[in-house]
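Both of the next two complexes hold chain A, though its partner changes from chain B to chain C.
On to the complex of A and B.
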């Protein structure tokens, strides 16, 4: 029917970026399973996948009760030794049975949640990514955000991290729904740190779609964080040197991490490209980076001038 | 110039899962505990006498099922060297083989139970199969489990439903909460609630329970375990004689050079009915083990290619004869 997922992204709770070998240890969530690491064009480490069992109502826009049983797939990632993610998703399919089956049935289909009874894909998609946060006043409803949050916590609470992050920045959450059909993509910024993504892709679902969503979440978080840092610097409202000092964390920790679509399979790159046309993530990123660099350049010039003036006196 | 299509790969970024040779069925001819050993060779002979007709039956059933009648059947025997150490391989193994031969049974593979917990040797390094399986447990969720909280766990225990709420009297209120029953998640009308102890710890030492090691043993025989993508504890032929110490013995020894592969699509264990509760516990554990997706696919593809339809759920690939 459809695939739904949620990615939580945050700054790794460590003073500096962590090495590849530390990444491997932090993300080693399962005995006998290796952490996958790619080094080009940016170091990206991905934990083994773990499952969480669920049996609960699924979010619906119509508020009709739809019961789903199965497993959620979750994984953690660290990009550039600096950005941490907890990511979970489920493939929602119709069940052949109208009752809950023995648990071994669901474990034979890892990452699938089977819907008991009637449900419409559009109702579920709207319920999960609609304006009101998923959740029903009358009972428990699938909470992928909590699962992803816990996986992100698992990374952040690693004893290998010094927990002295260079600046405070909120986590962002990206809820996504992917379906098969005419290609389209819709990215929506909601209140605060919430984002949603609706994606229709040709052909069947593969984990490459999850990679794409995680990549978008990483870059949206980078952009959001850089905006926050630039805003906090109060350029124009504070003396130049002070503003530049406040911009320093961006230069030290964020500005080199922008690598859009680096890990996205070729058949999915048109989705990134269309988001680059509108709203233009990279356009906004470049303009912010230019602004930061201009501030640094201006400040350097001012310092040079001041030194020269002092020399002349 | 025409566009150049570039491909770039990184070994560390890929997942490589080795495949394992597979028989059609792996038959466990027996499981030797210290009490059986102490009862003398007659107990063993009696066990093999009971097993022999069932092995013949399962062999002919698979011969009918497989195109061309070329059924691959391997036999194995497990010795408990984990819960108690008794005798030596040099003394015990020839005795077992002899008792089996009296009933025309040939044991293809001999395994050590302690290897299901952990095993270390120069060749394969160290592998802790029990830990590996523990990390693959996915708890059977009671209804209304929505992921908002971590699964409710009693450390070291695994059940198939919801436990009874605690019934300790609430003294402040002066009332006693009435008893409420536990419930099986996938009950049919009424519950059969099972709660299995997986391990206990005395100080730093963890002792895995017999059902947990038996679950690991079933997974090993089904060829569904991997450690860093490699097949753990592949059978080894023994050079020279039987060692005088269990630690000198490989985890799984290949006794018969012509034997069909150790791991198989399905398993059959011929057991005394006194093992029934243990096997119920084993099935409770196995129905909550999430085998790697890629490994499941490998086995399914292989069996389909030779016209064998396998049960989807791994607990359905395991069968027993209780005699």
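On to the complex of A and C.
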């Protein structure tokens, strides 16, 4: 029917970026299974997957009751030793049975939630990501955000991290729905840190779609955080040196992490390209980065002038 | 940084002082949040002039959250939701000012379970990722709430935290404040039982005197000489008493003068109250400002 997922993204709670080997340890949530690491063009570490059993209502726009039983797949990721994520998704399918089956049935289908009774894909998709979505789901409803949040907590609570992050910044959440069909993508910013993504892709669902959503979430978080830091710097409203000092964390910890579509499979890159045209992630990122660099350059120039003046006197 | 606000007695000025400190800290450019863990009477909403949550919130309050009834507690953006004109726009350079209200009619926590502590750890850990300062009003006296946060902080050894113990400048209050820290079932006693290091915990505790009337205050100008002499003698007696009880100058982070506005109403003291309408004393605003700085100034927190 459809796949829905939610990614939570935050700043890794450590003073500096962590090394590849520390990434492996932090993400080694399950003994015996290894962390997958890719090194180019940026170090990206992905934890083994874990399952959470669910038997609960699914969100619907029509508010009709739809019961789903199965398992949620979750995983954590660390990008550039600096950005942490908790990510969960489920493939929603119709059940062949009209009642709940033994758990062994669901465990044999990891990441699948079977719907008992009637349900429309559009109703579920709209319930999960639409404007009529009842904000955060309550306890009785499938809450992928709660699961992803807890997985991100697992990373952040690792004793290998010193918890002295260079700046305070909120997490963002991206709720997404993917379906098979005529290609289209819609990314929406909601209140505060909430975003949604509706994706229709050709061909059957594969985990490459999850990779795409996580990659988008990473870059949306980077952009959101850089905007916050630039706003905090109050360029023009405070003395140049002070503004530059407040921009320093962005230069030290964020600006080198922008690698859009680095981990996205070839057949999905047109979706990134479409988002690059509108809303234009990289365009906004570049303009912000230029602004930061200009501030630093101007401040350096002012310092040089002041030193030269002092020398002449 | 987590800051826990407690007092031995009720009505000490804990909420009014705590909220004013976070307000000043936000004005100083920091992102701050205030958690109303005073489950018996969650009234922080009233002090921030957010009438919708004046006595707590009916849904998704901190109580509901800790009991597992909602996935995340409600957040109120004070700059957007306050009814007070002077608070409704975020001043340039100010940080976020967020209130997490308690639950209306919630009642005290009745037990301390592992789940409740776990939820508290999750909440404080996440808030610490995004806020420079989280002030938690722990309510008055020995309570499950105080035990809850003592248990939670043991599980988050890397997250910095401090305690402020509020008390009035009277004999009873000084003795009681000391008792709350060092007495049987006091903060150090319970904290040590939960796994805190006693000396380390002691170093994280400071006292704040509220509603202090200095013998040389302007309010006392009309007094007779005999009265002033008596007050002066009382004050030095109290200072001596405070010193003996470990509540003296060295363990004190600051004091807030008695202010006519706060005597009449629980509210934030804005610069407008001091400069434009002139109803509040400049000394009061300055005292809150000082405390807002000292709370994160490590030199004020060196070992005693």
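Assume the second predicted complex is superposed on the first by the 305 of 313 C-alpha atoms of A that agree within 3 Å, B and C clash if a C-alpha of one lies under 4 Å from a C-alpha of the other, contacts with A are read in each partner's own complex, and residues count from 1 in each chain.
By definition in this document, a residue touches a chain if its C-beta (ideal position, glycine included) is under 8 Å from a C-beta of that chain, and two chains touch if they have at least 3 such contacts.
This structure is a prediction, so every number in the text was calculated from the model and none was measured.
Once the complexes are laid over each other on chain A, chain B and chain C both fit without any clash. Looking at the superposed arrangement, the partner reaching more residues of chain A, out of chain B and chain C, is B. In the superposition on chain A, contact of A:146 is made with both chain B and chain C. Remark: in the superposition on chain A the angle formed at chain A by the CA centres of chain B and chain C amounts to 100 degrees, rounded in steps of 10. In the overlay built on the shared chain, the residue A:225 is in contact with neither chain B nor chain C.
In the superposed model, A:79 lies in contact with neither chain B nor chain C.
Contacts of A:39 after superposition on the shared chain: chain B is touched, whereas chain C is not. When the shared chain is aligned, chain C comes close enough to touch A:10, but chain B does not. Between chain B and chain C, the smallest C-alpha to C-alpha distance in the superposed model amounts to 6 Å. Residues 139, 143, 146, 150 of chain A lie at the contact with chain B in one complex and at the contact with chain C in the other.
Residues 29-34, 36-40, 44, 51-57, 69, 71-72, 88, 100-105, 107-108, 110-111, 139-144, 146-147, 150 of chain A are the ones that touch chain B when the two sit in their complex.
Interface residues of chain A, counted against chain C in their complex, comprise 10-11, 13, 136-139, 143, 145-146, 149-150, 153, 156-157, 159, 161-165, 168-171, 232, 234, 237-238.
For chain C in complex with chain A, the touching residues are 29, 31, 68-72, 92-93, 95, 122, 125-126, 128-132, 156, 158-159. By the touch criterion given at the top, residues 8, 10, 12-15, 127-128, 131-132, 134-136, 138-151, 160, 185-186, 225-229, 232, 286-291, 293, 296, 312-316 of chain B touch chain A in their complex.
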